[in-house]
Every structure is written in structure tokens, then in C-alpha cells.
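Taking it in order: structure first as C-alpha cells, then the write-up.
Letters A, B, C and D mark the chains in the order given here, with residues in each chain numbered from 1 onward.
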Amino acid sequence: MNPVAIPVLHSAVAIMTPLLLAAMGGLFTELSGMLNIALEGLMLMGAFASIVFTHFTGNMVVGIALGVLASMLLAAILGTVTLHLKSNVFITALAANLFASGLTVVLSFKLFGNKGVVVFDGIASLPRLDIPVLAKIPVFGDIFIGHNIFVYMSWVLLALCAWVLYRTPFGFRLRATGIHEQAMVSLGMRPSRYRFIAFLVSGFTCALGGAMLTLNLGAFVPNITSGKGWIALVVIFLGQKKPIGLLFAALVFGFADAFSNYAQGAWNVPADFILAIPYVFTLVAMVLFSIYTSRKNRVE
Amino acid sequence: MEHAVEMRGIVKIYPETGLRANDGVDLTLNKGQILCLAGENGAGKTTLMKVLYGLEKPDAGTISVMGNPVSITSPLQANRLGIGMVHQHFMLVDDFTVAQNVTLGKEPLKGRFSYDLKGAADAVDAVIRKHRFSIDATKRVGSLTVGQKQQVEIVKMLYRDVDILILDEPTAVLTEQEIESLFITLRALAEHGTSLILITHKLHEITTISDRVAIMRQGAMVGDFPTDSVDGKQISRLMMGQSVSLVVDRLPYTPVQHPVLRFDNVSVLKRNQQRPLLNGVSFTARSGEILGFAGVGGNGLGVLEAVLGGFLPISSGAIVHKDEDISRLDSHALRKRGLAYVPADRLQVGSALQAAVSENLIVDARNEFSRHGVMQRKKIEQHAQSLLKTYSVKGSPSMPIGTLSGGNIQKVILAREITQYQDYIVFSEPTWGLDIASSRFVYERMVQLRDEGAAVLLISSNLDEILAVSDRVIVMYRGTIVAVLESEELRHVTKEDMGAYMLGLRQQEAPHG
Amino acid sequence: MRKGSVLVLVLVAMLLASSVSIFAAGSTEQVPTEQKSLSVLVYITGVMAGSPPYTALAEGAQEFAAANENVTVKIYEAGFNQAQWEEQLTSLVATGEYDVVLGSNPSLPEICERVGAKFPKQKFIITDAQKAGNSQMRTYLYNQYEQSLYLGYLAGLVTTSSMQHANSALKIGFIAAQEYPLLNKHMVPGFLAGARMVNPAIELDFRIVGNWFDANKAADLASSMKTAGVDVFAAIAGGAAQGLFKVAQEQGAYIVYHNTNEYKAAPGYVVGCGSMEQKKLVKEILVDVLAGTVQYGTASVVGAKEGYLGFFFDDPAYAANLPADIRTKFEAFMADVQAGKIAYTLPPL
Amino acid sequence: MVDRMEKRRVTIVATLRNSIGAVVIVGIALAALVVLSLLLSETPMKTLRYFFLGPVQNTYYFGNMLNMAIPLIFGGLGVSLAMRSGSFNLGGEGQLYSGAFVATISALALARWGSAGVVVALLLGTCTGGLLAALSGVLRMKWNTSELITSFLVSNAVVLVVSYLIAGPFMDPATNLIATRMIPESFRFTRILEPSNLSSALFAAVIAVLVVHLYLYKTKSGYELRLFGLNPRFAAYGGIRTKWYQVWPMFLSGAFYGLGGGMAIFGTYYACMKEFSTGMGWNGLAVALIARHRPGAVIPAALFFAYIESGARNAMLHSDVTFEIASIVQSVVFFLVTSAVLQKIGSVQRRSV
């Protein structure tokens, strides 16, 4: 294989991981019938809380767990306001994003006297794994090895998500809520309960995606998510709202981003144009996919 | 005999409108009995059943089930008490299989968390076989016919071990054969000890199936008899306060008419489907006749409606209107040529529920009510006022049409389409879910249009309706025309003959309409 | 409904309480404030976090105020949206509370000129900018070209060396958050020119993150550049530079850093840090302001010769991270720069 | 006569009771602000005073607040139109930015045209925004690609491209701001509340609201657009050109964003600065949602938004509140502002639509 391609693809796999994680949680809210644009804020919350708790407890697992809780708490607020006070989910999710970006900085200042980059020296780097089985995959093997633990965890979680959505009663009820709310009501189940859980799930996975961003660096940078939650939303749509689709959609974006990182060094094109590549690439992928689906259903 | 259900003094007032939907209603249901709850649209039948099923909270009254006083606050609790309900509008998730729909909310588990999909399919299959339904538990619900979907709904309740089953207008969407088999099923259920309540307003159904009939009018119970002690006339008088017959007076059919709309070997194919949706359909609709299209759901009636409405492009053949090929025209172009059409789905297709009645009334005539692109509000208002009066619609022009009753919505649609028609008009399932008085109103209008010289195309899965008003009938099966019955033949044909055509058991040689 | 009414009552009470508090606040406002002889507004065109020059600007002023009782300082962070800078500065200046506005940004002079036109008494002192001839304004331009030049020279020495992580490719890297004139016209060309003074064949790999906070993107870029043969990096990337530090430590690459001591950010890998004496300059400026000796209307360029740009030689990490031969060559070069012996033409901004 | 008086009285009472909900929301937001100020500010009373009274304390702040509302009104109108037709336009950022950019460079190119040039330049900016949004509409019409996502992606890419153009080929060499050259004097709207930034673009915004209102409720096209939005299948059935209404409202939506961008340049900034519009697109969307897609309600919603925004900014300018605290307070307001439950408190009856 082309020697350039391996590092680019290897990097793509790493870049796609936070997106994939956030998109998974977003998939739950999406399938329950709600457009959740708060993924960004939930990620940021998780990113901040995970590393701060890791710092204070000295234990990464506990830190991540508490970070996840913090993000789920924000998700719970979002869910309560949206489902019980019946607010417009778009505005409340915007509010959640605003809230997360403000709160993380205020807390960072209160805790560390610093509104900018907070470097946590005592935090070990994320463990990297070399899974021998993966290395044996022909041609592509090198792409899948030597990533940090979040990368592999995201794959396990994706499988878990698929299992929950398609192999558990909860998954069926959640999807039924999104497709036919009244069917759920007629069987005595409360759609709002399933939607609330979906919010919590997105808090959960977004926090993991965020945690990867900060723990990978050993530092918190304000606004470190820088739009990844939005891209995760795109991933959900591009992935046709199916777990396996998410994997490919996230890879498409991860690849486009990794490619643009590479291209900045290789091409003599204004950097802004190259930074636009991921969006254009994803757009083209989306359009091609919808052309394909619409062709499939067309009358001959 | 012990009472399965006893409802006493049920009062239900809808806070939004202040409407007293139930005003001190009593109802008793005996074990193993089939009770028909009869009444016109808006009489309060559905509300009463929703109270029993825990979907509505009554403002007063008591309920006891199997002799025990209960308070039913949710469908889940109703299920636990052994009460199940099959809604008029199906509560089914199209993307799920039959088994998944049936078990939703009461899923068998494999281990602690895993949904036992195989187990669910087996359990549902067992219920299906026990009660001799004809559905496949592993099929996607979206691919089923209307009748099959209803079976899924019933199975859904039987799976929950209910012994009191409520069915809200179960026959409204079914064919004659399907109704027959439904009734056989219901009978069998009753014999096994299930108590049933059927909401209906069809007289012959009451007399065929029920042991007892309870009749409601305007929120109150006006009669409760063993079915064999009353006759149809009495029931109908109680339901409406007077007797109404469905037979419509009309001029005799005069066959020498000129053609208006011609289908010439029309086929519709979809890429991902093996079988064509329409296969070489040819017929001619002539002025001054009602041309009926009969068939079981899923056999091309819906496709025919979509093609006539300009929603679905055809793959081959030609559609000719007044010697011009209109095969390629979409609904916009067809409307411009004067298409008038009453769709089967009056809520999703025939109206914009949140828009005002007056706005709904001018959708296909909006050019006449605007000058230089500006709407003429006064003219629209007057137009609406006069139509509402002519069609005796209860409602005002500025109300959102969604706040009207089903019958009144249909009247608004009729009013709009009939004012708009030029030489042909399509009716699809025009009386679906309507009560007798409203149905009769629709038939009268159709006949009137025919007598005025219109070509009326009536697409209906209701065989009674087809036979009551059609001058000629085309029977569809699997997208093809299997029989064409001219007016002569129509006089002699039996429902059984029709059923044989509709189910594909019999076919005419080279039928041509 | 009843529950709703209670809620309404509670809220109305809260509303009343808060409006009372607002009026109360209005009255407490009248408390006489200290007789102030100098009030300084430090106007940050961006945010302090992640920006050493801005932090130094603010800290310099604050330290000066702490040392002089009659000096008060207000720090205002205006954010990254340059379109809003003028409106906010106008609002602040309009209060008439500030004797002098201190800022540090090449684009501030034109904004201050417009604001100053509305408030003729207002004085502005701006570092990192150049504008002569406005009697309300005094500017000091750091010679960033010069600093980039000697940092580039150091980078050139390192990339051509046999140090552990130096490779054979003659490639150095520069990661920037975003492009802007000072960066494009002074820093990047200066950096490359300095490196080429070591070996004219050295190439520069220059890449953009796109924002000031996506540290993971910066890490990905650094990683990609490393693969492409870069072994020494410079970065003007705010918080995103964190990603570069990470990659340098994990994958082995050297960093030279502008304007601030960052040896600790990646111990062993940051081989040199340029200094910018913003704090010193600010304090000197304020002394002049207090003394009334500021020469408004003039513009100065300050660099190594003047002692406002330098290098953190005295950090132990410097000696520990670099071999002696490189240090010798670099120190000689640095001495030449300070003596004005290195010839270069400062590109126009 | 008595009957009419009684009717009016009932209406007034109903209106009052219906507005209790709004009071409740403002009350909660206020309470949240008080709590947050006490927690996070050293001088909470001062903070509160500037937050609430700051925007109206003098003509400068008041004018700037009104000025801030102008692009919000345009954006809000655009989004409302799209939403009324059942489309979702998430690309406001890019549409506004590119509209502003094209209007600016057109103004520079047409410098000698004078007032005719103003119209042409604004029109070109408007069309730029419109066409960008219409692209998403076309993709939806042709292949059913989600316009929500495509408009977002297009916008993100366009922002980068426009930024490149401003920083590169179109940059004013005479300035250290990353901006285009200044538009000629003759292209600038008159300031109407000196010394604030408020310009006559405000009148244009108000007129635009009126025009959109009339368009939606009085014209045939508006009627078709609304019906398509309420029920696309019904619209198709009624012979309305459904393909057109997947594209046209998106075009209008982008066009209003683009016009808002142009107005911001011609009325306030006079040059297109890099990323000057960051956030305006999203805020326009928020305004439309708060106004619940009613053009008439866009004005109060935009004013409300601008008030909160400039209150926050005022507290930042004059007390120790930082940008982050201000955004927390704003978020509390947004959590509650669309709550149907809170809005219904005290209301007499449920309203349809």
C-alpha cells in the first residue's frame, strides 16, 4: 500500500473516534424522534469534567466515570426542560451548548485560576493497545493497531449500541417512540421516558468522546470540541441512522480530515480551502448516497 | 351470569371544547358476549371505550371489572385487568415485524436483558395459529394489507391475554371476505370466553355478529337490547332519531355516452419490487356513469388512485383525457386540466388540518381567488360561507379544519372537489369511517354528479358501496383487471362472486373496461 | 392551573425582589470612590487565555497598579470577533473613566484612531503595532521578524544536527491557528530566513489549524508533519499548541517557541524559547504616563538591540536540551543580532 | 354595543392572562441571573443593574442594541419563511457571511454608481445567500437529501472560503484588520441615533417584516408556501408545485440572511471583516424559533435577544462579569423561553397553530 496512505488512514481512525462516540449517543435521541444539537455541549462538558475529576481523584477510570456523570447531568437538565416543560428542543439544546461553554471556563477559572489551557501534569497518557489479531488483517492491518483505548472502546460500544437498539426491548421501544409515538401510548408506555433515557445515553457517549479529546492531551483547552458535536450530527444523517452506517460515515469524515491535514503539507493550495475539504467531502458523500437511495426506489 | 365489565354514570367532558362526550353513561358487558356499541359519528362511543381502556380519565362514574371496582388510569393497567383495545387507526410500527409489534412493551427475554426475538416470533406464531389467523409473525408490518394489519392488532391484544376486547370500527377498512373471517374469529373468541365490544354503525354487522346491542346518541345511552329482540329499523331510529336508508334514487343508466378518460395498457413498475404495481390496465370512463373499482387492499386500488391523482408516474402505456395524452402530467398539471378528486386519506392528503376551513376550500381554485398574486380575502370568505351552508357543515370558515369532526371534514373536501370538477371526478374510499347519514349524503352527491353528466370514478374496498352506486364495476387483483361487470351483469352478481374475483379465485377472460 | 398560579406568585415576588435590588444597587453606586490620579484600561483584542503577550500586558499593568496606589487598572477581554472591537472600545472610552487605553495588536491603531476622533482627549498606547503621526497615540512595534529570524536559525541548527530526534530531511515546521498579516509577513518569512542562514536548502512546512482551540487537530497536523519529515516546530496557535507539545513528547520532535518560556510544556523537547519583554515595556510605559513624558504621535520599533526581544538562555532546560556546539553557534548568532550585525530587510506590514 | 364592550374586555383579560407565561419566563431568567450574580460576581448589584438597565441607560447603548437586532430580524425572517414551508435552514452563518462579502465587493466595484449601486450590491449579496441556501433546497427536491445537514455543511465550507477571500485576494493592504477595503461613503446608510451605530437599515428591517407578513398571509404564493409547510401531501394533491416550494423558501431564507449581512456592512461595519458574523446565523435561527415562525413576532423576539445580548455585554463592560458568565445567563433564558408549559400558565384557552 502507498506509504502515505497508511499514516493518513491510521490518523483517520483516531480522528473519527470522538465523532463516532458522540454520534452513537446522538443516534439514540435521533431514533427517539428528536434532533439533538446539544452533542457539542455534552462533549465539552464531558471533556472538561473527565480530566478535572481524573486530576482530583488521581484515577482515570473514576475520573471518566464522574465526567460521564457530569455530562449526563447536563443531558438530564436538557431532557427535563425539553420533555417536561415542553420547550423547543432546538433552542434548549443551543442553550445547553452555551451553558457548557460558559460553565467549563468559569469552573476552570474558579478551580485553577486559569481561563485558558489547563495542563494536568500528573495525568498519564492514554494507554495504547496493540491488538495482535488486528495487525494480521492484510493490507489494512497497520491502520488498526496502536490506537489508544478509546478507539477500541468505541468499537465495542458501537456493537453494544447496535445490540441495545436491535436486540433489547428497550431498543425496540425507543425506535417505536420515534416512528409511531401513539403506538407506544396505546400500549401504556410513556414516550417521554424513552426520550429522556435517550438524552442520558447521548450524555454518556458524548462525555466519552469529549474525555478522549482532553485525556489524549493531558490538558483542557477551552472550546476544545470545536464543532465536533455538529459533525457528529452530520455523521448520524450520513450514516442513515444505523450503527454500522455511523461507522462508515465517521470514517468518511475522519478520512477527509486526516487527508486535509496531509494535504496542507503536500498541496500548494490556500489552507482555508483545504480546511473546507471535510465539509465538501462529506457533502458530496451525502448527496451521492441520497442519489443512490432515491434511484433504488424510483419508478422505472 | 357475571358481568365482565360494568360502567356506571360515566361522565367525560373535554376541557378544550367543553363538549360533554359522555353524559352519565351506563354499560354492562357479560362474559363471553359480543356487544355492539352503535351510534353515529360523534355519539361518544369511542370516548366511552377510551375511558374503559385508560386513555381518557372520566370526570365522574365508576367501573368494575369481573365484579371488582377498579380505576383504570393507563392502557398498561387496562391490559393487566385483561382489557384490550384495537384502535380504528392502527397503532403499528411499519418497520417492525408482526412479532415485534405484537410483543412491544411485553417482550420475552433471553437472559436478563436480551430481547428473545425467536421466542417472540414463536409465541406470536402460537397465538396466530391458535386463533387461526392468516399472518406470518416474521413479516414486516409495512408489507401487510389493511386486513392483515388489523389481525396484528387483535393478536397484539390476545398476546396480552386479554379476556375483554374492544374493537373500534374494525370493519371500516376490510373487504367482505375479510369481514367474514374477522367475524368467524370473533365468534370463536367469544366461545372461548372472551368478551367483546365492537364499535360500529353498520346495521347488518350488528345483526350478524352481536349478542347484544347498546346504542348511544349525543353522549348518552339510548338503548340496550339483546340483538334478536330488535330489528334494524329500530336500531337505526335510535341511532339517528329517525330511520335512514342507504338506497339512493337515481336515473337509469343510459349506456351511449362519450368517453372522458381512457387508460391504455397502463403499467407501473418499481425498481425494487418484483411484481408490477399496475399491470396493463385498460379501461374507459364515460360521461354520465359511475365506474366502480373494487378490490382488496394492496391489489392496486391505492396505486390507481395515486396514478389518477398524478402522484405516481406510469412506466408504460398511456392515459388519455379528451384525446390528449396526460400520462406525463403531475398533479399540478392535472389540476390545471380540471382534475377533481376525493382522496382516501382525508386527513393526510385531503386537508391541511391546521389551516383554516376557508383555506382548505380553495386549494385547487386558488387562482380564481387571487388577483395579481394577491389573495382576495372577502371573496374567499364568502365562498367558504356559502359552501358550508350548501353542504351543511358544522363549523366556520376561520376554524382550523382539524377541529371539525371526520364527517364534516369529508364534507368540506367534497364541497371543494365537486365545485371544482369539470368532466370527471375521482372518489377514493369516500365513506370510510363515516356514519350512515353522512354516507348517504356522499352517495347522493355522486349520483347527482353522474346525472349531471360527469364521469365518476369510484375506488372503494367497500363492496356494499360499490354495488350500491356503480353503473359498471372493474375488479382489480394484484394490479391487473380480473373482471369487468357491465350494468346488466351487476344486477345479478352476488357478493360471493365479487369476492371470488377480488381474491383472485376467479378471472374473466380478457376483461376490458 | 392552581399550581401555575403559585408559581406565578413566587416568580413575581422574585421579580420584585430583584428589581428592588437593582435600585438598591443604583444607590450604593454613589459611594465616593478613591481619588484616582491614573486609570488605565487594558484592552485585550482577544482573550488572555493562551496568549502570553496579552497575559503579560495585563499582568504588567496590574503589577504596576499594585505598586502604585493611585493607579487603577481595568482589564477588558474583547474576544476574537474583530468587528466588535471598535464598538466595545467606544463604549468603554465613552465612560470617560480611563486616562489611557493600553492595547497590543497591529490593527488597534486604526480602531483607536476612529474612536479617538470621537473622544479627542483620550490617549492610546499600543504595543505590537505601528502608527506615527496621531497625537493621541503612541505605538511600539516588536520586531517579530527578528525574533522569528533567530528562532528560525536555532531551528535550522537543530534540524541539521545529529540530535536524537533530528532526521536527515531538511524540513522545519510552523503551525499557526489562523493566518493574519503579522504572521504571514513577519513571523513565517523570518523563521524560514533564519533557518536558511544555517542551510539554504531548508524547507518550511507551514500548516493551519483553523481556530485557536482545536488542540487535537494541531496534534494531528503535527503528527502528519512529522511523518513528512519535520523535526523542529514553531507554533503560534494559542491553546491548540497543546497538541504540538503532546506529539513532540510522544513521537520525538523539537520545538522552538515564540514570546514566552514554555520549556516545561514538553520537557526535553522544547529546545528554545524567545522572550518578549511585554511586561517590562508596559511598566516603562506606565512610568512615563505617570510622569507625563509619553511622546504621543511617535512610533518605535523595539527588538533585540533595544532589549525587548530576547531568549530564555538562563533556563536550565536550555543547556540540558541542546548540545554545546549548537548552543555556541546560536549564542554567537544571537550576539550578532543584538549587535545589529545580521543584515535583513524588515518586510512592510 | 354593550356586547362589543364586553367582548373587548374579555379579549383584554385573555391577552393579559396569556402574557403571564412570558412574565414567568422573564421572572425565572431574572431569578437565575440574581443567583448567578450572587455566586459569580464580586459586585452582584452593579452587575444586575448593568445587565438590565445597561442597554437602555443612554442612547448609545440603546441604539447599539437596536442595531444588533437588525441582522437578527433579517435572519429570523428568513428562517421563519423556511420553517413555514417545512424546511430547516442551518446554514445561516455562511449565507450571512457570504452575502455580506459579495455585497461589499460589489459596492467596491460599483463605487461610482452611487445609490443605484447600493441597490445592486445589496441585491447581489442577497442572491448569494439565497443561492447558497437554494442549493440545499435543490438537493432535497432532486434526491431527498436532508437540507438541514447540507445547508450546515455548505455553510461551514463557505465560511472558510469567504475567510480566505477576505484574508487573501480581497484584503485591504492598508489595514491590519483582516478585512476588505471600506465601501465608499455614498454606500453607507445614515446613522440615525448618533453616537450609536444604529442606521437607517432599521427601517429596512421593519419594512422587511411587513413585506414578509403580507407575503405569507396575503399573497397566493405565501398561501401555497404555508400549505406546503403544513402538509406537503395535501399541497401536492391540491396541485401546488411542491418542487418549487422545496427550493424557493430556502432561497428566500438564505436571501434574507444575505441581505442581513449586506445591511450589517452598509449600516455598521463598512468593510467586510473576517468572521465578523460569527454567531449571527445561529442567533437568527433562535429568534425565529422564539417567534415561533411568525413574522410579526420576529421583531419582539429579535429585540429580546438583542436586549439579553447587550445586557450581558454591558455587564461585561462595566462590572466584573466575564463573557462566560454572560453566556451562562443567556443559556438559562434559552432553556426556558420556548417552554409551552410555562407559556400556558394562566392562559385562558389553548390556541391552535
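Please note the rule applied: contacts are C-beta pairs under 8 Å (C-beta built on N, C-alpha and C of every residue); 3 or more make two chains touch, one makes a residue touch a chain.
Predicted, not measured: the structure shown is a model, and the values here were computed from it.
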More contacts between chains, A-B or C-D: C-D
Approximate Å spacing (C-alpha centroids) for the pair subunit C, subunit D: 34
Centre distance in Å when subunit A and subunit B are each reduced to the mean of their C-alpha atoms: 45
Gap in Å, rounded to a whole number, between the CA centres of subunit C and subunit B: 74
Averaged-CA centre spacing for the pair subunit D and subunit A, given as whole angstrom: 29
Touching two or more other chains - residues of subunit A: 115, 271-272, 275
Shared-contact residues (touching 2 or more other chains) in subunit C: 47, 179, 210
Interface hub residues of subunit D, defined as touching at least two other chains: 160, 167, 322-323
Every chain pair in contact, whichever chains are involved: A-B, A-C, A-D, B-D, C-D
Residues of subunit B defined as touching subunit A within the complex: 54-55, 74-79, 85, 87, 89, 91-96, 100-101, 104-107, 109, 113-115, 117, 268-272, 312-315
Touch list for subunit D against partner subunit B, complex: 218-221, 223-224, 226-227, 230-231, 233-242, 349-350, 352-353
Touching residues on subunit D, where the partner in the complex is subunit C: 20, 23-24, 26-28, 30-31, 33-34, 45-46, 48-49, 52-53, 60-61, 64, 160, 167, 171, 175-179, 195, 197, 269, 273-279, 313-314, 316-318, 322-323, 344-346
Subunit B - residues contacting subunit D, complex: 16, 309, 311, 331-332, 334-336, 339, 341, 343, 348-355, 359, 363-364, 366-367, 370, 373-375, 377, 400, 402-403
Subunit C residues touching subunit A - in the complex, by the definition given at the top: 47-51, 179, 205, 207-208, 210-211, 213-217, 219-221, 223-225, 227-228, 238-240, 242-243, 246, 250, 265
